[in-house]
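Next up, some structures in structure tokens.
Below are two complexes that have chain A in common, paired first with chain B and then with chain C.
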Partner chain A sequence: MAVTNDLRTFKNAAWLGWQMEANWTDPFLFATYSIVRPIAGTLILVFMYLVITNGETETAFFSYMYVGNAFYMFVAEVLFGVTWVIHDDREHFMTLKQVYIAPIKFYVYVFGRSAIKIAIVSIGVLITLAFGVFVLGVQVGSGGVDVPLFVLSLLLGLSMLLVMGLAMGGLTFLTAKHEGGINEGVAGVFYVLSGVIFPITVLPHWVQGISMALPVTYWMEAIRRGLMPDAMSEIAKGTGLEGLSNLELVGALLLSAFAFLVLSVAVFKYADKVARRKGKIDWTSAY
Partner chain B sequence: MPPAVETKALTRVFHPKKKKEGKSVTALAGVDLRIEQGELFGMLGPNGAGKTTLLKILSTLLLPTSGKAYVAGFDVETQFQAVRKRINMVSGGEISGYGLLTVKENLWMFTQFYGMKSQLALQRIDEMLDQFGLADKKDEKVRALSTGQRQKMNVIRGFVTDPEIIFLDEPTLGLDVNASRTIREYIVDWVGKRKDRTVLLTTHYMAEADQLCGRIAIIDDGRILACDTPENLKKMVKTSTMLKLDTTHLENKQGLSSIRGVEKFTFTDNPENNMTSLRFVLEDEAAVSDIVSSVIAGGAKILGLRKTEPTLEDVFIKLVGKGFE
Partner chain C sequence: MSDTWLMTNLRAVKGRAYPRVIGASREPSWIFFEVALPLLTVAAYAYIYKFMDAPAAFIGFVILGGAMTAFWLNVLWGMASQLYWEKETGNLQLYMMAPISRMSLLAGMAVGGLIGTTMRAAATMIIGIGVFSITLDLSEPLMLVVVFMVTMIALYGMGMMFASLYLLLGREAWHMSNLMTEPIYLASGFYFPVKALGAYAAVGASVIPITLGLDALRQLFYPATSGEYGFLPIEVELLILAGLCVMFLILSKLSLDYMEKLGKRTGRLTLRWQ
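Then we have the complex of A and B:
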């Protein structure tokens, strides 16, 4: 019964999320925006890379950077998306309190809304990858794709991002105008420390210790190993995770994701209780 | 059978973020309340009396500072999931709603969060939209509705799930006469047809409380001052005489309270038309002549004087020593 309720909540929240994401304009403009936005975002980085390397794109490292940047879209969008759901419901639509007092698990509602964001970002990531492979010669699939590793790490990673987003959502309960900054800060930390566009070995030794505690670091590595095994073996010695086998890598991802799950649930529950204590659930700031 | 609502020494204090932002505010100060299943119960009090705070606690949006609150026998603090299955809440002046959805979609979505069968929900939504005069708006985006229409939609959202207990926080606030009447009639009809359903309604409209509620609690400064049926509350001032006096602007009113026979009095200055309205609760009708003399001596002219039937406002004036305004 509880599972049925949760599924229904998830389905309806996802439906609402889709209406919110896709209904703000006509379908043609929405489709154009969905294609242009991720490519435009990626091209900024590509051009920076081209200037630095004098137009060299057919290297393993370019592929490393390109794929990392493409999958980082998930990190930014999911973390930002979850908090935006709470912010938007509370401040803009003023429906948060109505949803909050409904007999549902609030986090299931948030996951449902966020699932649509993941689905939309997935399209962006796919378009970006296709653009990279066909236009820029990114080495995805050269030497085959380790499908089980890719699928497993993708699912684990997205689940991890959702629960991390939940913690950010909890913090959003307690803030009014700062949640954007907090999100960007956290997403920025992952961007710099998790080997998104450069290997963590570039970082000072003590910072690498922090990188190794972040699940996104293992996720990025696992995704790359799954999608471009040849390119990764070419630069294996420079990623900082070369000592881990694929199995150990997934294990590390699982372990760190579990630690973040526990932490995120604790943060969300605590923030939820504080928000109820301080009367922040239906609070509007006029920001 | 547990009462629909029960509070025991319920207290809620709001502390300022920083000391320089002012003092702590006690919104509820040891409220004891018991509302039985099937009641249409009113909380009557001026703005800032603590009505909304009470409803927020009962609807699990806010935690009490101390004391206990139970809804349908469940502790709002620890058994909030059980509470949420049994309640719904509507706040007046509320313009909430997902603007990108149509009215029907918006309402349907909330019914799904309450586990209603989709077909039944759609049927009930259609019926209620018709009753509230919004049938022709059902396929319009919520963002296109007027404030009053949005408020009506929110009232429908509250009732459409047929909750055991519904909390209505100033449900007619800011609405025009017709819209207010529609909502009042619906509330009375809803609770009349469902003997096991409970309505807790807050309002600062005396007539609304008087017309709708079987029992009323008068609340001010976070304290319940009296709780009874409207008739019994009015009996509190039955032995007194109620006098309403309209004058041209009266500068000095202080002396009026010391006139023999004046139990309580309130006034409202209306600078726009240079008038003062005075309302007296008199222990002795003989005080009328002294009041009139005092007003004239104060330089004002009498525009109207009448003896009135006791109202809930008179009860409030007697209990608190001030009016609602």
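Then we have the complex of A and C:
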């Protein structure tokens, strides 16, 4: 019964999310809108690369950078998306209090709303990858695709991001005007420190220690090893994680994701408790 | 045009600029985020150039581009979207009833936004220069000031025009601003020389004032690279920017009048939640 209720909450929240994301325009314009931003973001990197290499794209590092940037879309959108659900419902639609006191699990509702964002981002990631493979010669599938590694790390990573997003959402309960900055800041830190578009070996030595504590670092490496094992072994300067076997890599991902899971749940529970005690659940700041 | 009319409108400019400048200092955390967030992107892009052993000037290009994103974001969210938000919060009708030119309001928003954003962009740039230990080779400081000012007048003129047009969009305004972030970073060459896009694309992107402004600033900071990476001679870019200033200021006045007339006729000028 409880599971049925949760599934219904999830389904309806996802449907509501879809309507809120997409009903402002016609499907064609929405589809265009959804893919133009990620493609443009990726093309910035492509042109940065082209201007230095005079047009050479069929290299292992180009593929490394391109695939990392494509999958980073999940990091940015999921972290921001989960938080935005709480901000949007509270500040703009002023419906958070009704949702909060409804006989449903609040986090299931938030995950349902976020699921549709993940689905939309997934399409952006797929189109970006297809563009990379067919137009720019990105070496996805070079040496075959390690499907178990890819699928396992993708699922692990997305779950980790959702729970981290929930923690950020908890902080949104307590802040009126900072959620955008906090989210972009956290996502930005991952972008710089997690080997998304360049190997962490280029960072100062003491910063690499921080990189090794972040689950996104292992996630990015595992995703790339799953999708393009040959290209990954060709990165001449190393990725900083080349010493780990696939099994060790997944183990490190599991361990760091679990640590962040515990931390995120604790942050959300604490923020939720404080927000209830201080009456901030239905707080609006006209922002 | 009486002295009273002029003084009233100058007071309106000052009055609208005031909250832009003072408001920022009331929320210091925003200053932190607005300075620190561009630095994260700058750092990522600087490291990728470093990894590829790019010429040192490219790290300077990235820092300059990263600092200039503050102006573009301010134009999108602080200018273009502003009248729409004023409508949503109920202030727009007060503006419309006030015995002032609507252009004074837009000019006040622009002046206030420009002052506040310049301070934040300068902080981003100074920190970026310090962190990445880059050297600039500035030989024409006066030209730099002129190029910067002309670029900003053209850019904020464009923002004033967008402010009116956004009123017609309703809640699509939010999506429009979102849509004009990364694609404009790409088209205007915020993180690489715009010349790399090819001549036709760079000419097309030149309608956005920051494209030529940024290219000219890079040439002024790194004169040695202007032959290889500069798009047009600085003087030509300055001339085009001056033309864009005039064009956008005229277009902003026309679009403001059109929006007001249309809004009054359709009764949507103060209609919220559309």
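Here is the rule we go by: the second predicted complex is superposed on the first by the 285 of 287 C-alpha atoms of A that agree within 3 Å, B and C clash if a C-alpha of one lies under 4 Å from a C-alpha of the other, contacts with A are read in each partner's own complex, and residues count from 1 in each chain.
Here is the rule we use: contacts are C-beta pairs under 8 Å (C-beta built on N, C-alpha and C of every residue); 3 or more make two chains touch, one makes a residue touch a chain.
In this text the structure is predicted, and so the values were computed from the model without any measurement.
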- Query: For the overlay on chain A, clash or fit between chain B and chain C?
  - Reply: fit
- Message: So in the superposed three-chain picture, is A:Gln19 touching just chain B, just chain C, both, or none of them (first/second/both/neither)?
- Response: first
- So, does A:Leu79 touch the first partner chain B, the second partner chain C, both, or neither? neither
- Using centres of C-alpha atoms, tell me the angle at chain A that chain B and chain C span after the overlay, to the nearest 10°. 80
- Would you check which partner chain A:Leu166 touches, where first means chain B only, second means chain C only, and both and neither mean what they say? neither
- Which partner, chain B or chain C, is in contact with more residues of chain A? C
- With the two complexes superposed on chain A, say which partner A:Thr9 touches: chain B (first), chain C (second), both, or neither. first
- Message: Using only CA atoms and the superposition described at the top, report the least gap between chain B and chain C in Å.
- Response: 6
- Task: Mind sorting out which residues of chain A both chain B and chain C touch, each in its own complex?
- Result: 24
- Message: Residue numbers of chain A touching chain B in their complex, please.
- Response: 5, 8-9, 12, 15-16, 19-20, 23-24, 93-95, 97-104, 109, 273, 276-277, 279, 281-282
- List of chain A residues in touch with chain C within their complex: 24-25, 33, 36-38, 40-41, 43-45, 47-53, 61, 65, 177-178, 180-181, 184-185, 188-189, 191-192, 196-199, 202-203, 237, 286
- Note on the structure: Interface with chain A, chain C side, in the complex: residues 27, 29-30, 32-33, 36-37, 40-41, 43-45, 47-52, 54, 58, 89, 171-172, 175, 178-179, 181-183, 185-186, 189-193, 196-197, 229
- Note on the structure: Within their complex, chain B touches chain A through residues 14, 56, 59-63, 81, 84-85, 87-89, 94-101, 105, 109-110, 112-115, 157
